[in-house]
Amino acid sequence: MLGLNKKDTSLLILVAALALFAPFILNPFPVGSAMAQFNAGYPDLMQRFVIFGIFAIGFNILFGLTGYLSFGHAAFLGVGSYAAVWMFKLLSMNVVPAIILSVITAGLFALVIGYVSLRRSGIYFSILTLAFAQMTYALAYSVLTPITGGETGLQLALDDPRVLDGAATGDNIPVPGFFGMEMRGSSQLEIGDWAFTFSNGYYFCAIIMLLSFYLSIRIFRSPFGMMLRAIKSNQQRLYYTGLNARPYTLAAFVISGMYAGLAGGLMAAMDPLAGAERMFWTASGEVVLMTILGGVGTLIGPVLGAGLIKYMENILSKINSDILHGWFAFLPDGLEDLIVTLIYPFIGKGWHLTLGLMFMLVVIFLPGGLVEAGQRISRLFGRKKADDKSEKSTSTEPAE
Amino acid sequence: MSNSNLTRRGLLKTSAVAGAGVALPTIFTASSAAAYTNEPTGSTVTLGFNVPQTGPYADEGADELRAYELAVEHLNGGGDGGMMNTFSSKALQGNGILGKKVEYVTGDTQTKSDAARASAKSMIEKDGAVMITGGSSSGVAVAVQALCQEAGVIFMAGLTHSNDTTGKDKRANGFRHFFNSYMSGAALAPVLKNAYGDDRKAYHLTADYNWGYTTEEAVRSSTEAMGWETVAAVKTPLTQTDFSSYIAPVLQSGADTLVLNHYGGNMVNSLTNAVQFGLRDKQVNGKDFQIIVPLYSRLMARGAGANVKGIFGSTNWHWSLTDEGSKAFVKSFGEKYGFPPSQAAHTTYVQTLLYADACERAGSFQPCAVVEALEDFEFDGLGNGKTLYRGDDHQCFKDVLVVKGKENPTSEFDLLEIVEVTPAEQVTYAPDHPQFQGGALGSCNDGA
Amino acid sequence: MMDAIILQVLNGLDKGSAYALIALGLTLIFGTLGVVNFAHGALFMIGAFCAVTLSRIITLSHEVVDESRTDFLGNPLKVDVPYVYDLFGQQTGETIIDWAVPLAILFAIPVMILIGVVMERGLIKHFYNRPHADQILVTFGLAIVLQEIIKYFYGANPIPTPAPEAFTGSFDFGAMLGMEANQIIYPYWRLVYFAFAALIIGAVFAFLQFTTFGMVVRAGMADRDTVGLLGINIDKRFTIMFGIAAAVAGLAGVMYAPINSPNYHMGMDFLVLSFVVVVVGGMGSLPGAVLAGFLLGILESFASMKEIIDLIPGINQIIIYLVAILILLTRPRGLMGRKGVMED
C-alpha cells in the first residue's frame, strides 16, 4: 500500500493506530484515582509527543542514515518557531501559511549552515553545527531582541497587523486555527470514571506526524536513502566510485532541518510563543538523546525516544512529596516515611537524576535503544512475531 | 535527487486518511457546560504552583514552594493562620476558599519559558487548576502570564522584576505583587545621593536580556536625574561566568561607581569578581570606589559571601521587618521550616492569600470576577504596609526596601540590613510612564 | 590603549588557564582511551566541591547558646563554634579555616584519582569499543547523575569559598611598569591560578615526556595494539592516566572555587566551551588543547572590551564560536590535530 512493502505498511498502520487512539492509550487510569498522576492524555503533552516525534524523525534522517551527528539542530526548530509567530503577527492566524513559512525558513537556514558545516566530518562537523546554533541562540537572546523578543520570547500582541484577518477582534488576542478550526479546541468523552480529551491541535499535529513518518519511510527505502547509507558505511569507497557525497549529505541535512522547522512551526501553532531557549545546546542535545534512546537508524525509535523523554519531563517532575505520601498512606507511618524518603530524590525536583540514570542504563544494557528492548521482549515471547521484528532490525541497522 | 516514487494514487489515499482524521474529533460534542475554564465543581479547588525546581534558581523555587504549602495550610485552617490574622481584609475564614478545600499541584518551570508553559498547560488541562502562580524570572512570568490569559485562568506572578511584566507585556488575567526595575531605581536614588553624594561617575554592567535592559534604564534615569554621570554601560552575556574582562577596564574609564545590573548566578559572580579586583579598596576622583546591586536576593547574596558587605541594593521584603504582618509570617514560616523566609517566599505567600481573598470577596472563582475584585484593591497587613493593586496595569504599589550588606552577620540568614523603607508614593509612576509604554491589558478572559 | 590591551591579555591568560586545564584532561582521556568524556565538566565541578567539602569539614562545629543575642524568632542565638577552635585554639583555628582552599588541593588529589579510577574501571572500560555516540550518551548521563547528587547535598545556589586572606585584593601591575595608578590591576589569586595552571600543564608534559611510564603511554596513544603485543599491560597504565586526567580537572576546579563561587551546574557551563577548545586545538593533540585554551581565552577577553562591543554589537556573545568556525574552516583538523582522528 502507498508504495510501501508489507512490513512498512504494517508499521505505518501501527503508528497511525497509536496516534489515532493516543487519547485512550495515554489515559489508562480513571480520573481522581491515585494513578491518574501517570495519565499523559492531555492535549499539551500529546501535542509535544508528536511534535518532538517529528523533530526526532527528521534528525534521524540525517544522523541515522548518514551518520553525521549534528549538535545544533535545535536552531532550526527555533528559527521555524520565530517564522511561524511572525506569520501570525503579520499575516493571519491561520496555521497553514505559518507552517509553510517555518519549513521554508528553516530549510534555507539549514542550507547555509549545512553548506559550511559539511565541509568537515566527524566531530569537526558536530562542533561546527554546535557553534552555529550557539551563536543563533546567543544573538536571539540578546542583540536580536527586537526581532526575537529576547528573554521573554516572541509573543502575539493585540495591536499586531494580521493583514489577512482584517480588523481587531475584540479585546482578546485571537488563537491560531486551521480555516476556522481552533487549535486549542477540544471535545471530551466520559466513560464511567474515565475522561478522554480529543484536541483539534493534537489531531492536526498527529496527521502531519503521520505524513512525515510516511515520507521518512519512503526516504529510508528510496535509492536516495541507500546512497545516504553508503556515505555512512564508507565515504571513501563512494569517492572512488566517482560519486560526490556532498550533495547527498547536504540534501539530507536540509531535509532534516526542514523537519525541525516543521516541528518548530507546529509548536508555535499549538502555542503561539517562540523563545530563544529552544535553541540552546541542551535542546540540540535532547534530540540526539531522543534518537539514541529510541534507537538510531530505526524508523520508529526516535518517536519512542521523544515520547519517553517528554513523558518523564512532564509527568515525573510534577510528583511532589505530598502525592507520594498519598500513595503510601496505607503503610505504617515509619515505613511510609522511609519509602517516601527513598523515592523522593528521584521525582519532582530530582527528575533530572532519574533521567540521567535512565540514559546510562539504556546505553549500558540496550545499545540499540528502546527498539532493541522491544525486540528482546518479543523474542522472549517467541514465535512468528519475533522473526518479523528481527528482520526489521536487519533492514534498519542501528548507527554507529 | 530523491528517486522515491510518490504516485498520485498514493497521495489520494493519504489525503483520504488525513480527511478521516480531521473529521474524527467532531463526532463527540464539546462539553463546555462550565461557565469558565476549570470551574471547580466538587468540594475542592486546585491551584497550580509552577516554580523552578531544576536549574540555577532551584533553591528559590524550593523556598517559593514552602511558602505555597504554608499558605495552603493556613487557607485550609491549619497552623497558626500566619498573615491571615494581620491581613486588613477579613473575608478569609480558614475553611478553604468559598468553602472548598484548597488542593495544589506543583510543576517545574526549569526557568525556561517553554518548559514553564508546558508545565502550566498540564496544570490547566490535566489537573484543572483555576489559578497558576510562581516563577523566578521575568521571561517565565511573561510567558506564563500570556498563556493564562489565553486559557482563561488567573496568573499571580511570583518573583519577576522586569518592567515589562506589567508594562509592555501586561495581561488582564495576570497580577504582580513583586516590585519592578523602575521602583528599584526610584527607591535607590535618594539613598545613594545621601550616602555617596550627587557627583558620581557610574559604570554599568548589564545582563544582556530584557530584565537587564529595563533595570539599567531605570537606575540610569533616576541616578542621572540627581546629577550622576553614566560613563559607560556594557552588556554581558547571560551565560558568562567569569566577569574579569568586563570588570578590569572599569577603573581605566575613570568611573568611581560600578552598578551591577545582574541577578542570580550572574550577580554572585560579577560581585565576587569585582571585589576580587580590589575595586572597593580603590580611590577614584578623590572618592572611595563603590559598587551597587540594584536587585538583591538574600538567597543569592549568600553565594557572594562576605563580598556583599556594605553594598547597597533594593529588595521587595526582608524578614527583619517589624510590622505585625511580617512578624506573623516569619514566625509561622520559621517554626515550620527552621529558617526565615526569603522575599520570593513572601511574595508567593501573599499572592496566594490575595487570590483566595479576592475569590471570597467576589463570591466566585470566575476569572473576570476575581480580576474585578483585585483591581484597585487596597489592603494592609501583608508585610509591605498599605498596598494598592492598581487596576490600570495590575501592579502592586507599596513601600520598597533599600538594603545594605550587613557588616557583622549573626547567622547565614542575616546578610542584609534595611537602610530605608521608601514610601509607596515615591516609587509610584503613571501607567503611561515611558518605561512602561506599549502593550495593552486587554480584557479579562474566562476561557471555556 | 596599550594598558587596555595588556589588561585583556592578562585576563585572557587567566580564563585560558581554566579552559586549557579542562581541555588538557579531556584530550588525555581521548588520546589514551579514545573515549569522548562528556562527564569531564562534572569532574571539574566535583573538584570545586572538594574545596567546599573540605572547608565544611574544617568548620564542623558545635552549638553554643549566646543568651545576649537572639535569632530571627526571638529565641536565644545559637552560635556555631568550629571544633578546630577547641583543638588548636582560636587563632590557629582561624588560620586553618582561612587556608581551606589551598589545603583542599591535598584533599582533592586522592579523591579525584579515586573517582577517576572507579569511573574508568566501573563504566568507561566497557565502552572502549562502542560507538562515540554511545560514549557521549553514557558519560552525559553520568554527568547529569553526578551534578544531581551534588545538588541534592549542597543545594542549587552558589557557595562562597574565599581564597586565603593573604591573596585577597589586587596589585597594581601598571604602576610596576611605570604607568599611572589603577590602570592595570590584577587580583593576586588570579595570578596564583595562572601560575598553578602553568605548573600543572608543565608537570603533565614532563611526566609524559621524561618518564618511562609516560613514554609507554605515549606509545600506547600512537599504537595501542603493538604496545600490548610487546607484553606491556597498557590497560593498567591507561586507567592511571584516567585518574590523572580526573585529578587535573579536579585541581582546576579546586583552585577555581575562589574565583567563582561553586554551584552544581558549573561543570555543564564549562563542558561545551571546553569541547570547542579541544576541537579547535585538534582532537588528540595535547599542545593543541593548551594553545587553543589560551587563544580562545584571550580572544574572549578582547571581545568583551567596550570599544569592540560598540563596534560590533553582540560580538562578546559569539566570539568563541565564531573563531572556532573560522579556524575549522581554514584548518580542517583544528590547530594541531592529526589526520583521521574522529573524522568518521
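By letter and in written order, the chains are A, B and C; residue numbering begins at 1 in each of them.
Just so it is clear, a contact is a pair of C-beta atoms (placed from the backbone, for glycine too) under 8 Å apart; a residue touches a chain by one contact, two chains touch by 3 or more.
Bear in mind that the values here come from a model prediction, so they are computed numbers and not experimental data.
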Dominant chain pairing [most C-beta pairs in contact]: A-B
Greatest separation from subunit A - chain, by CA centre: C
Mean-CA-position distance for subunit B and subunit A (Å): 31
Mean-CA-position distance for subunit C and subunit A (Å): 35
Touching two or more other chains - residues of subunit B: 58, 62, 208, 235, 237, 239
Residues of subunit C engaged with two or more neighbouring chains: 317
Per-residue multi-chain contacts in subunit A, two or more chains: 138, 141-143, 352
Residue ranges of subunit A touching subunit C (in the complex, touch as defined): 67, 69, 116, 119-124, 127-128, 130-132, 134-135, 138-139, 141-144, 235, 281, 285, 288-289, 292-293, 296, 345, 350, 352-353, 355-360, 363-364, 367, 399-400
Residues of subunit B touching subunit A in the complex: 1-7, 10, 13-14, 17-18, 21-22, 24-26, 28-31, 53-54, 58, 61-62, 65, 105-108, 112-115, 117-119, 121-122, 125-126, 137-139, 142-143, 146-147, 149-151, 162, 164, 169, 172, 208-211, 213, 235, 237-239, 439-440, 442-443, 445
Subunit C residues touching subunit B - in the complex, by the definition given at the top: 3-4, 7-8, 10-12, 14-15, 18, 69, 71-73, 77, 151, 155-160, 162, 168-170, 182-183, 185-187, 189-190, 258-261, 263, 265-266, 269-270, 300-301, 304-306, 309, 316-317
Residue ranges of subunit A touching subunit B (in the complex, touch as defined): 1-3, 16, 20, 39, 42-45, 48, 138, 141-143, 145, 150-153, 155-159, 170-173, 175, 181, 184-190, 197-200, 203-204, 206-207, 210-211, 214, 218-219, 221-224, 247-248, 251, 271, 273, 275, 277-278, 313-314, 317-318, 320, 348-349, 351-352
Subunit A-touching residues of subunit C, taken from the complex the two chains share: 36, 123, 126, 130-134, 136-138, 140-145, 148-149, 152, 272, 275-276, 279-280, 283, 313-314, 317-318, 321-322, 324-325, 328-329, 332-334, 342-344
